[in-house]
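Both of the next two complexes hold subunit A, though its partner changes from subunit B to subunit C.
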Partner chain A sequence: MSATVRPRLQPEQIGLSTNRNGNTAAARFRRHKVAVASLGIIAILGIIAIFAPIVALQDPYTVDLDNIRQPPSIAHILGTDSAGRDMWARMVYGARISMSVGFVANVISISIGVLIGTVSGYAGGWVDNILMRFTELVMNFPTFFAILMLVALLGPNIINVMVVIGVLGWEGLARLLRAQTLSLREQAFVEAARCIGTPHPQIILRHILPNLQPYILVAATLGVAGTILTESALSFLGLGVQIPQASWGSMLNSAQSLTVLTNSPWLWLPPGVAISVAVLAMNFVGDGLRDAFDPRMEV
Partner chain B sequence: MRSRTVHGVNRRQFLKAGALVGGASVLAACAPVGSDASPAAEAAAAEEMKRGNLIGLYGGPINSFNPLTAVQGFQSHFFQCVLPPLIQENVPKTGFVPIMAESWEVSDDATEYTFHIHPDAKWHDGANFTAEDVLFSYELYLNPATKSRQVSNLAILRGAEAYSNEEADSVEGITVVDDKTIRFTTAFATGLFLFQAIHPILPKHILGDIAPDTLENQSFFFEDPLGSGPFQFVEYQADQFIRLQANDDWHWGKPKLNSYIMQIIASPDVGQIALERGEAHFNAWGGLNTSSTEVVRSFIDNPDFKVVATTGVVFTAYSFNLRKSFFADKRVRQAWLHALDRQKIIDVFQGGNGTIYNSPLIHGWSIPDDLNSYAYDPDLARQLLEDANWDFDQEVTVNLITLRSEEARAQVAAEKQMLEEAGFKIKIEEMDSSVWVERFYDTHEFEAVRVGFGSFPDPDGFLKFHLTTQGRNANGYAEAIGGDFEEKVIEAGQLTDQAARQEIYFDLQRTLNDNPSHAPLYVGNNVWVFNNGVSIPEITDQGVVGSLADLSNPLPAKRDWWTNLEGWAFQG
Partner chain C sequence: MMATYIINRLFLAVPLVLGITLITFGFINMAPGNPVLAMINPEEELSAANLERLKEELGLNRPVHVRYAIWLGQLVRGNFGYSYHTGEPVLRRIAVRLPATLELMGFALVVSSILGISLGVLAALKQYTIWDYILTLFALFSISIPSFFLALLALYVFALKLGWFPTFGMRSVAFDALPPLLDNLHHLVLPGVILSLDLTAGLTRYMRSGMLEVLGQEYVITARAKGLQEVRVIVGHALRNALLPVITIVTLRLPILFGGTVIIETMFQWPGMGRMAIQAIAQRDYPVLMGLTFIAAVLVLASNLLADILYAVADPRIRHE
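After this line comes the complex of A and B, so read on.
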């Protein structure tokens, strides 16, 4: 007989997820109308990003020096930028950059957070001590300035931005997961797995991690919103994407000029609105998920 | 209760009354003297008001007041006002004018330069300004322990190298003749030493006892510099302003202004608002976004301002690493120049405000009139690439110091597109300035760069620094093109006959034009916006720009009005 008995913890045992009457997390989420609408918005943004070459209608990089800073028209529905490039096309491709930075950086930070959080909580003792002190050390960095410095040193390009944001954004999740793991590892089913000799990595993967899923999901959703904002801030400061790429933050950079701010609102309004909408939508979805997984919320 | 109030004063009432009387006394003491002021004081106050306080805008903080390590234009302004040099270039850049010196002589063989310090020259604390101060300062400039940036420039002095290498206790080529006379001797005949007599002089009686290697951390350079110039330092509020007061004992005559405030602003937009509201009088250094056509036009159209354009000294250019085999054929670099529509770039991104050059030496007197003007011709560019057997899959990486403005990034994107239309495959790589400098100047790990280059006061400086093995040799140019290029550069630097120098530079210009080390884009003109209330001796009505079109005809090299700040005044 295999040693990998998997008595998955029932949701109510840890106070999460579903209840017996079919009052599922999904049902609870669906009750959160704003979150559902936000999920729709994120889906639309995702589709726009994936199908950018079709949606953009024009090339986002083609410079047209005879048509710079043209207001919105039939030919350019959101006008043109300082190099005569189509703003709509750049917005669409900007969605690609902003969303992919949001997701990739988040995958990196969640991977690190999950690894450190679960190992720390499960192993306890000196391993926990070392990992948590390290977490606190990283937590004490002024994150944005550390990101600014690292991106400046490594060179501003999209890969560096993703990695740096990801590498410096996992501490909160690690601490949260450690706390949950500490409680989970004392549960009977984990004890049972240990008793029949299941290797520790397997216990973490098969028994602990599945039960941390709701926390990770909520943290990931909220994290993407934060990451999009961080990328926008970096690009706004000129430390984001490489020329001639566009991200919403770098497009917003032109709003630093008083004349653009007052005379050419089409240069900064669309990326500003896009950032706000994407971040708000992510936050609403995160809120919705948190409520959905909260057992105290009844349908 | 009542009787207590009438007949006695309790402790609390006594203290209250005391506090009132005390406060009133203090207020009275602080109040303006008013009609009791003496007529002399009133006259002085009136004169001060009439002389006025000039406010110039500066677009960033000052690094320090240390001339040994200075690199900023902002610092140059400060030194010109507070810590001036022996001499400086005159306004049309045709010669030099005395500042702390009263006069100077150059020996017939152009190796001895004798400066006579102005007899009335004094430090702001009243101490005499002497030749010892000059000697002290130049020894600091030649001492690498001070982190001086002038060590290599001053290496033309006899014995300079031995002193810098700590093989000698003094510089053989600097002699204090008497209290007010100092003589510099160069290692070889050169007409260029006067360009090295423009460094600020520091007070020996204040800094003389400090070890050179600890000098850069002295509060003198951050909080309380003492100078000898037409304005004296009063206070510095970090990142806000520097207040200077006229030095009425200035040996060339009392400044017409009462004070000069160097106002530091957070962004050029703030500068625009400050000028429009009359809270500042002119854009001194980066205080206004003059590359924006809209901004410049708004001031040209405003009768409260006069706008003046002058030729700049920084040229924006691509620079090639000739160590890369794909740049070996000069036709590739010629194609690069033909691929760029430089006039269009100036018109669109610089508001028409720039001048095209076709070699990296932008000193008017050194440019012959038969240089190839590299007209925009993408077809010719492609043809040249084909003739040179260019591999059209070859990607060329262009290193840039990180651009913070989307407008600047848009310009680079436009240039990239022009180059790609001609057949180049361009990758733009932005990096931190320290990384950029290391790759360009030290390790030479680059293919091409795009940056603004300083032009140096004389072609000799640029050539030696950038293009010969004596300098940083970033491009590997002299070795790559071979011939006697480097010998000619050295020869021109040692000649004193300006006509003969010009002939050699004409030759070098033709070489650099035909076999390019750089692809110069333009020299941006400086645009100055002055409040109409300010009267500046050098500005005439002919110099004032009446329309955007006038910006393309800048005044030749009249960029240094601020060097004569003591001549500025308020009208009426």
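After this line comes the complex of A and C, so read on.
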């Protein structure tokens, strides 16, 4: 029995379906060639990550001390690392870890951001005040320092890295969604829902959230780019994914030695390029989505 | 008016500082070892009985909120505890490292302000031309390529292959080195520029949209209509107004810049706080790590406060709100 009048944004404007005039968000996105191509790249990376055991051709963990730091050859198309492991196989498995860490961490921060943002904006008053002061506090904290410290305390492993990055990256989204919720709350359809006695949680879920979808989608895409970067930085510093597991960032770790940097470019160029391409593609898609929804959106 | 505004802002900062101490204390309590115990000077010889007495005095056996109060009291007196590793007071160790980080960050801030503002204005004035697209691409690449990968590339090309810049450190030890100031600057270029890129990209994008917005305003049209030279319209009327929010953007991104120093300082062996943090993690030197995080948070808070005040000085509308 809830009112489903949504004056400003129709579902098709949010880009979920197309309509006849071809000027929906989805159509506008499709016209953004670079963004579409980037989406393709992400899809390919995703497929590689999912089918890693097939694509890798070799085992990424087999140590071969007779063949360490071999340049690319037919046996090892990207060469071997400092323990003689096949670089291509490690790159492929690295895609799996880098992308899933980025994805899970992002799901965590989006969930926290949505929860705090909508509740804060909808409830207003002292709830809003407390939640926003808390958000400000987290925002003021130099995030990377806090992440480093937490990871060091909890112990560097893949689960902790996901959780810590996720728990410390929601402030921007929370503030943005709060501002949007504040204005949605005053709209007639929300008021109508309140009048017929719809419970508050249901109003947030059925009337507020659907209207926030574009923001969440854009923030999520740009957010994955950010979390992949953070994970790679942590792993590069040796505080992320631990050997023998590989993420793209941890594969670059060995290049901190000047000998590796000078003599074995195949050890650090491919993973570095992979991170850059994945993050760039995510950012392009995020930009394309933003332009398709509303270029002035401040995500 | 101004004074009231400043006092108001300072007052608002108090709960934030308290929050920072709470979070830091929370972290400390998760760390192995005892935070309050870490505040006892390790150079004092202690008998087991004396240690017990000291523990009692420091409230080690007391509930957590009492321990927080004791810890806060020590913090206010400037006792950040003693390093597990060297036994030195934490604050003294950080003070030694602070200038290097400030130098690096200051350089990055200057570079990105100059570059970001001028490139953003350029992109706005040349909207939809090839320049605009190149600058947009540059900005996207700068935020997408990880700084450590850029640093590796820069080290490989400019330091190792071309030999233009030193690979590490703040200054040379050789006798035939450049004069101290130039030598320092020579070491600063690579890490400083790479650290500045992220902020440069952000400012470029921001200045572009800011300028485009201002250029469409009526007062700009009026300035043009009364026949002012284009340069004076852009610099005197448009840029001045588009510049204001830059203060906010820079300070909002300060924590990110701070985080960036961890990676850049580690890679270029720059003897600052960021590298110290990584060393402290490797040595499990938790008091140092906590001290660093706390100081970093307070520095960021202080600069935000400064930004608010600067903003109010520059824009009278703010302080009259």
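Following the convention adopted for this analysis, the second predicted complex is superposed on the first by the 272 of 299 C-alpha atoms of A that agree within 3 Å, B and C clash if a C-alpha of one lies under 4 Å from a C-alpha of the other, contacts with A are read in each partner's own complex, and residues count from 1 in each chain.
Criterion: a residue touches a chain if its C-beta (ideal position, glycine included) is under 8 Å from a C-beta of that chain, and two chains touch if they have at least 3 such contacts.
Source: prediction; values computed, not measured.
Shared-chain residue A:263: touches subunit B; no touch with subunit C.
Once the two structures are overlaid, the count of subunit A residues touched is higher for C than for its counterpart among subunit B and subunit C. Touch criterion not met for A:187: it reaches neither subunit B nor subunit C. Once the two complexes are laid over each other on the shared chain, residue contacts for A:150 go to subunit C alone; subunit B is not touched. In the superposition on chain A, contact of A:65 is made with subunit B only, not with subunit C. Of the two partner chains, neither subunit B nor subunit C is touched by A:100. Applying the stated contact rule after C-alpha superposition, one finds that A:244 touches subunit B and leaves subunit C untouched.
In the superposed model, A:83 makes contact with subunit B only, not with subunit C. Of the residues of subunit A, those at positions 152-153, 237, 239, 256, 258 touch subunit B in one of the two structures and subunit C in the other. Of all the residues in subunit B, the ones that touch subunit A in their complex are 267, 269, 272-273, 289, 292, 294-295, 344, 348-349, 400, 402-407, 409-414, 416-417, 428-432, 435.
On the side of subunit A, the complex with subunit C involves touching residues 133-134, 136-137, 139-146, 148-150, 152-154, 225, 229, 232-233, 236-237, 239, 249, 252, 255-256, 258, 261-262, 265, 268, 272, 275-276, 279-280, 283-284, 287. The touching residues of subunit C, counted against subunit A in their complex, run 15-16, 19-20, 23, 27, 30-31, 140-141, 143-149, 152-153, 155-156, 160, 167, 255-256, 258-260, 262-263, 266-267, 277-278, 281, 284, 286, 289-290, 292-293, 296-297, 300-301, 304. Listed in rising order, the residues of subunit A touching subunit B in the complex are 61-63, 65, 68, 81-83, 85, 152-153, 155-157, 237-239, 242-244, 250-251, 253-254, 256-259, 263.
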